[in-house]
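Data block below; observations after.
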Amino acid sequence: MTSGPAPVSPYGTPSRRQEPAVTDPASSPRLPGFGSDNVAGISPAILKALAAANEGAMPSYGADAISARVEARFAALFEHEVKVLLVSTGTAANALALSVLTPPWGAVLCHADSHIENDECGAPEFFTGGAKLVHVPGVGAKIDPDALREAAQRNRGDVHCVQPSCVSITQASELGTLYSLSETAAIGAVCRQAGLPLHMDGSRFANAAAALGVRPAEMTWKAGVDILSFGATKNGAMGVEALVLFDPARAGELAFRRKRGGHLASKMRFLAAQMEAYLEGDLWLANARHANAMAARLASGLGGVGGAEIQGAVEANMLFVRLPQPMTDGLLAQGFRFYTERWGVGVVRLVTSFATSEADVDRLVGAARALA
Amino acid sequence: MTSGPAPVSPYGTPSRRQEPAVTDPASSPRLPGFGSDNVAGISPAILKALAAANEGAMPSYGADAISARVEARFAALFEHEVKVLLVSTGTAANALALSVLTPPWGAVLCHADSHIENDECGAPEFFTGGAKLVHVPGVGAKIDPDALREAAQRNRGDVHCVQPSCVSITQASELGTLYSLSETAAIGAVCRQAGLPLHMDGSRFANAAAALGVRPAEMTWKAGVDILSFGATKNGAMGVEALVLFDPARAGELAFRRKRGGHLASKMRFLAAQMEAYLEGDLWLANARHANAMAARLASGLGGVGGAEIQGAVEANMLFVRLPQPMTDGLLAQGFRFYTERWGVGVVRLVTSFATSEADVDRLVGAARALA
Amino acid sequence: MTSGPAPVSPYGTPSRRQEPAVTDPASSPRLPGFGSDNVAGISPAILKALAAANEGAMPSYGADAISARVEARFAALFEHEVKVLLVSTGTAANALALSVLTPPWGAVLCHADSHIENDECGAPEFFTGGAKLVHVPGVGAKIDPDALREAAQRNRGDVHCVQPSCVSITQASELGTLYSLSETAAIGAVCRQAGLPLHMDGSRFANAAAALGVRPAEMTWKAGVDILSFGATKNGAMGVEALVLFDPARAGELAFRRKRGGHLASKMRFLAAQMEAYLEGDLWLANARHANAMAARLASGLGGVGGAEIQGAVEANMLFVRLPQPMTDGLLAQGFRFYTERWGVGVVRLVTSFATSEADVDRLVGAARALA
Amino acid sequence: MTSGPAPVSPYGTPSRRQEPAVTDPASSPRLPGFGSDNVAGISPAILKALAAANEGAMPSYGADAISARVEARFAALFEHEVKVLLVSTGTAANALALSVLTPPWGAVLCHADSHIENDECGAPEFFTGGAKLVHVPGVGAKIDPDALREAAQRNRGDVHCVQPSCVSITQASELGTLYSLSETAAIGAVCRQAGLPLHMDGSRFANAAAALGVRPAEMTWKAGVDILSFGATKNGAMGVEALVLFDPARAGELAFRRKRGGHLASKMRFLAAQMEAYLEGDLWLANARHANAMAARLASGLGGVGGAEIQGAVEANMLFVRLPQPMTDGLLAQGFRFYTERWGVGVVRLVTSFATSEADVDRLVGAARALA
């Protein structure tokens, strides 16, 4: 074995960000995880669809019949002609979407609390060839339309500066908040006026749709969204996200970029099968409604616990609670799992999923009450 | 919806490269596909493992127990300390491997008939920041060690030129040929002497190992391989490949690059579960032995058909045959599927997989004989 | 002529950022420009050196005798072994410097008011392969060491996040302020502790050195600077900047990156000749002292004009003044040139150079007084 | 000073490619260099223009009057509306030109013996975001139109493959050969038919124009060229090349890319002044005619020397001669300078420039004769 260009890592061994470990797994074998919705497994119907898709040979790389059906189904769901490209992660979906919306010298206008800014290790910069993510302020991790209007004109035409090139919003946001229809439309109107395309990071689109109770078309293209990252992984799939293009013209470029990014699955039928089952009978909405309901139940329960203060409204499947440190420590020590940093002193984040049960919620609430 | 930076596609709509369509699917509902090993589905044991992995919550991003077991299992299989990173496609595995072996101004020395050169839409260039793939000649899609020795010194230190930085070989090759142990060792020796790390694209490593009948350690680190793309997808998995690092030092950088490339699966347990089942009880070898045997049977059968000329030796699960045009046309018309271009006039490529049955082979041979 | 991939420019025609045009050039033929120090020409001694360097043939690409002398001279000036690479623009110098200090998934810690962040159209992102510029706060466009200490640890080892990889400070800053020796040393100490290399953007290093009145070694490597962009263009050269590496180990990589960036001049002797003349007899310091003195004179003069308020201390060759709008309008109308935006309502930026005369200053002050 | 990400250079210290050193400089103080045309200095008229441009303040970044005049002059010279962007090196000109003609997943069709392929350390890959340079064969370093026609269709629309996106030819070529008008037009016709834009690397465009004796318009846009890298540095300038765009639509994108690449000179007037003087009174043609004549004289002289065999026709300012090894060794020992590798056993390259004198030529010929 030769040594070659020595690997440089002053960064230490990268850790997989993970929920705090259970201190005594034996004594708390199945305590629920509230760290993220991605600690859950797969919805039974989706698992079943994988098995069903395993019959015989099928053309690879998306030329299979299931992939075709999925695209048609998305067109029906969104009441609009669409092009759909499936990928296996949300980071890939977002970074690929942005890569067809900005040149390398562009400014991607987004909120400082967005996933693309904080949680993708620079994937947007990588896929766009070095575009810059420029922050637009707004409360609750949501872009303010007036601030956007100003940012959309900043440095226009100045050859020394990156150029406003597209806008990205997150629905539901990283703080679990929602853009109302009129809020999305206001963003869309600014984009249209400024000639900037609009991307929606919808890794939790289902939770937003379930909470808002409106048609997907209203939330997207009717409000000015050009490309949607439609998430499924966090809400019951094994690993599939759809890039939904309301303007088919960008699909050609995107197809090449997807392949070049290593995101064109050879046995695409299994991504398609997940997505088909996810959409079938509105499983996506049912799962999201359940997750949202569990978050509400959690908020309601913790709201009655002395010392626990819910932060802001709970709109989707995520809540932020300020807990007394002993309560936090006690819950973690008992094996409950959740993140405790990044959102202010004493604030913890609790995320529910399609797999969270009422009993899971009640156990956490009960434990908190006991520690109060 | 705003228009924004108009999508430019003078390239037409990209096609998914696919096997020729069945002309009358009704009359030939289940004719086997010989276009690629990726038209097959999933091995039953692997599908079962996905279901088994679906129990309860698990830490995401690879901090789960299955992922840990998989790394240990690879260490045992290769009789060497290893770091293992799982990704979902072979293109991702190769491009990520190269990205830690070359600087952007490097020359990746490879064969002109390699997958990284021809079939990944420039993924290596993308992930390496623009390194150049430089061809080293050799027969049967295999690099010649003497030619490599010369290429490894070319333009060294000349600031005007890309610098030889690593070597990539394919085992089994894109032409279905194999590097013998001594051939790999000869390549490895040149690399060691020149200070260049060695990557092995093993998307069909299993077929090679089954055919050579040697220990994986012999084929890899003992012969000088630094990083192996260990394929599973083509040989029975749904979508998982392992980056096996025999030098753990590069794992840190690779972890960041994997995330940045959108290839860090959140529900990693399902990639790990596939791989665990693939390795369990040497399923990987059993599947590959079967595929290889089917290729041999096909070669043997077609060898006796008038007008069909097998091209070269059939060493793994792929064969190239020159057929009379009417025979090719006849087979395609009957619904058999395979690629007919890229390898010379009249030459078709036939690929077998773990899912190819003896009956599948015999049906093709019989049809060819009838058309002779 | 074929059309090919259509050029997309929703950004309009990029403008060269320039000083406001003289409204009536005939009536004010030679009014001084205070827009930037780069509106000045070349110091006579440097122009003369170009002519002197034009004798006979010389090896190209930096193998000439003048280039060798320049490197030796820098070693003497900085009292330290150095490697020196010359380039023709400050943007190239900065972006190349950063490219050897950060991996693509790194965070370059810098001030929000830095040139690399605002005025290089994403050159750092381009040359680094997509690293992210992360802001560290501090007053007067200078990084606060305590804030840096925190930023240097943020998200360390978290594979989802870009990793703190290097620090860049600007001396003199974009607001014309200076890091004192102890301030630089404080930054350097944090860097050393955190294992992060330190870059100094010294496009106005001469102005800082002249103002601080200390040895260049004190301002740089003794305070922890690893790479210095040593500017000459703004202070009398035609177009040359030196990348001064106090750690020679990075010079090899930098040489390849310079060539790859199109910044290896074939007739390097003419870049070297400029730099040699710039350093000869401390012309660089003399020019800077003059520019600084003119800024002080300007501050002094405008300080006595009713309605004009100098903003902050004037430490180098740049000052910011809040003027009544009619005064600004009047000065521009008379043909004086300076920038009026970006620094708050009514605040204008005035920059002096080696070529600014006392008469130039007095004329501006006089005109302002008349408009008061 | 902190250590940070350690610089990795297994490549050794990069050398500046240079002419063989004079063994005894004292005894041969002024022997002419035939290694490259870039070992010459600056034409006197150009040096004078630099001094003339040094009068007073001028707007920076190309908003000066000289830059405007240069663009107008190019329009007149090429009898066509043009946009002109000046840069300081040929590598920058070529890489920037290609960056607006290909997407990252594109194939740049060029000859294997082109400068962009061999002598720019991957600059085209860097500026294009990782496009692939794909070779089109042809004799004398010139692309064959029929081979181009085939390459222009290869893998079109196949999402697994880089896509033919533009064509680049070199005039005069790296072997000193010329495309005749009809040869260029044939290339242009294939491009037009295939919808691919055409770039011409004209670092020695002047030598080609002088030799062909035709109007620049004929050699370029009338034959289908979209972007020309119009060189001046090798032919008497200090360091300036013009990107001449016959289709102004790409100028906007190019302006941002130039800045982002660090190639927007602040004191642009001095690049413009060089170019203005270069074009003034057809100095560019006069210089090139002289260089070509010196090459012809050299060919004629060496043709009469026993053992020296001129390789191919001498069409511009470069010739290749096979010399007996003792003659080569003797010439180098006497201090003559030229390159001896890369072009076959015993073949040396001799390049003449505007500064080569008849005496220079005769001295070399005389020395060769004496060694015969």
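Chains here go by letter, A, B, C and D, matching the order in which they are written, and residues are numbered from 1 within each.
The rule is simple: a contact is a pair of C-beta atoms (placed from the backbone, for glycine too) under 8 Å apart; a residue touches a chain by one contact, two chains touch by 3 or more.
If you want to know which protein each chain is, UniProt gives these names: A, B, C, D = L-threonine aldolase.
These numbers were taken from a predicted model, which means no experiment stands behind them.
Engineer: Which chains does subunit C share as contact partners with subunit D?
Structural biologist: For subunit C paired with subunit D, the chains in contact with each are A, B, in label order.
Engineer: Among the chains, which one keeps its Cα centre farthest from the Cα centre of subunit B?
Structural biologist: Taking each chain's C-alpha mean as its centre, the farthest from subunit B is C.
Engineer: State the pair with the higher C-beta contact count; candidates are B-D and A-B.
Structural biologist: Most contacts of the two pairs: A-B.
Engineer: From the mean C-alpha coordinate of subunit B to that of subunit D, what's the distance rounded to whole Å?
Structural biologist: 41
Engineer: Between subunit A and subunit D, what distance separates the C-alpha centroids? Give it in angstrom.
Structural biologist: 50
Engineer: CA centre of subunit A versus CA centre of subunit B: separation in Å?
Structural biologist: 31
Engineer: Counting only residues that touch at least two other chains, what does the list for subunit C look like?
Structural biologist: 3-6, 8, 10-14, 16-17, 61, 103-105, 120-122, 126, 129, 159-160, 163, 165, 195, 253, 255-256, 259-260, 264
Engineer: Mind listing the subunit C positions that touch subunit A in their complex?
Structural biologist: Per the stated touch rule, the residues are 8, 10-17, 103-105, 118-122, 125-126, 128-133, 156-163, 165, 195.
Engineer: Spell out the part of subunit B that touches subunit C in their complex, as residue ranges.
Structural biologist: 3-6, 8, 10, 61, 103-105, 129, 159-160, 163, 253, 255-257, 259-260, 264
Engineer: Would you pull the subunit D residues touching subunit C in the complex into a rising list?
Structural biologist: Interface residues on the subunit D side: 1-9, 11-14, 16-19, 30, 32-33, 35-36, 38-42, 47, 50-51, 53-63, 87-93, 95-96, 100-103, 106, 120-123, 126-127, 165-166, 188, 191-192, 194-198, 221, 224-226, 233-234, 238-239, 246-247, 249-253, 255-256, 259-267, 269-271, 355.
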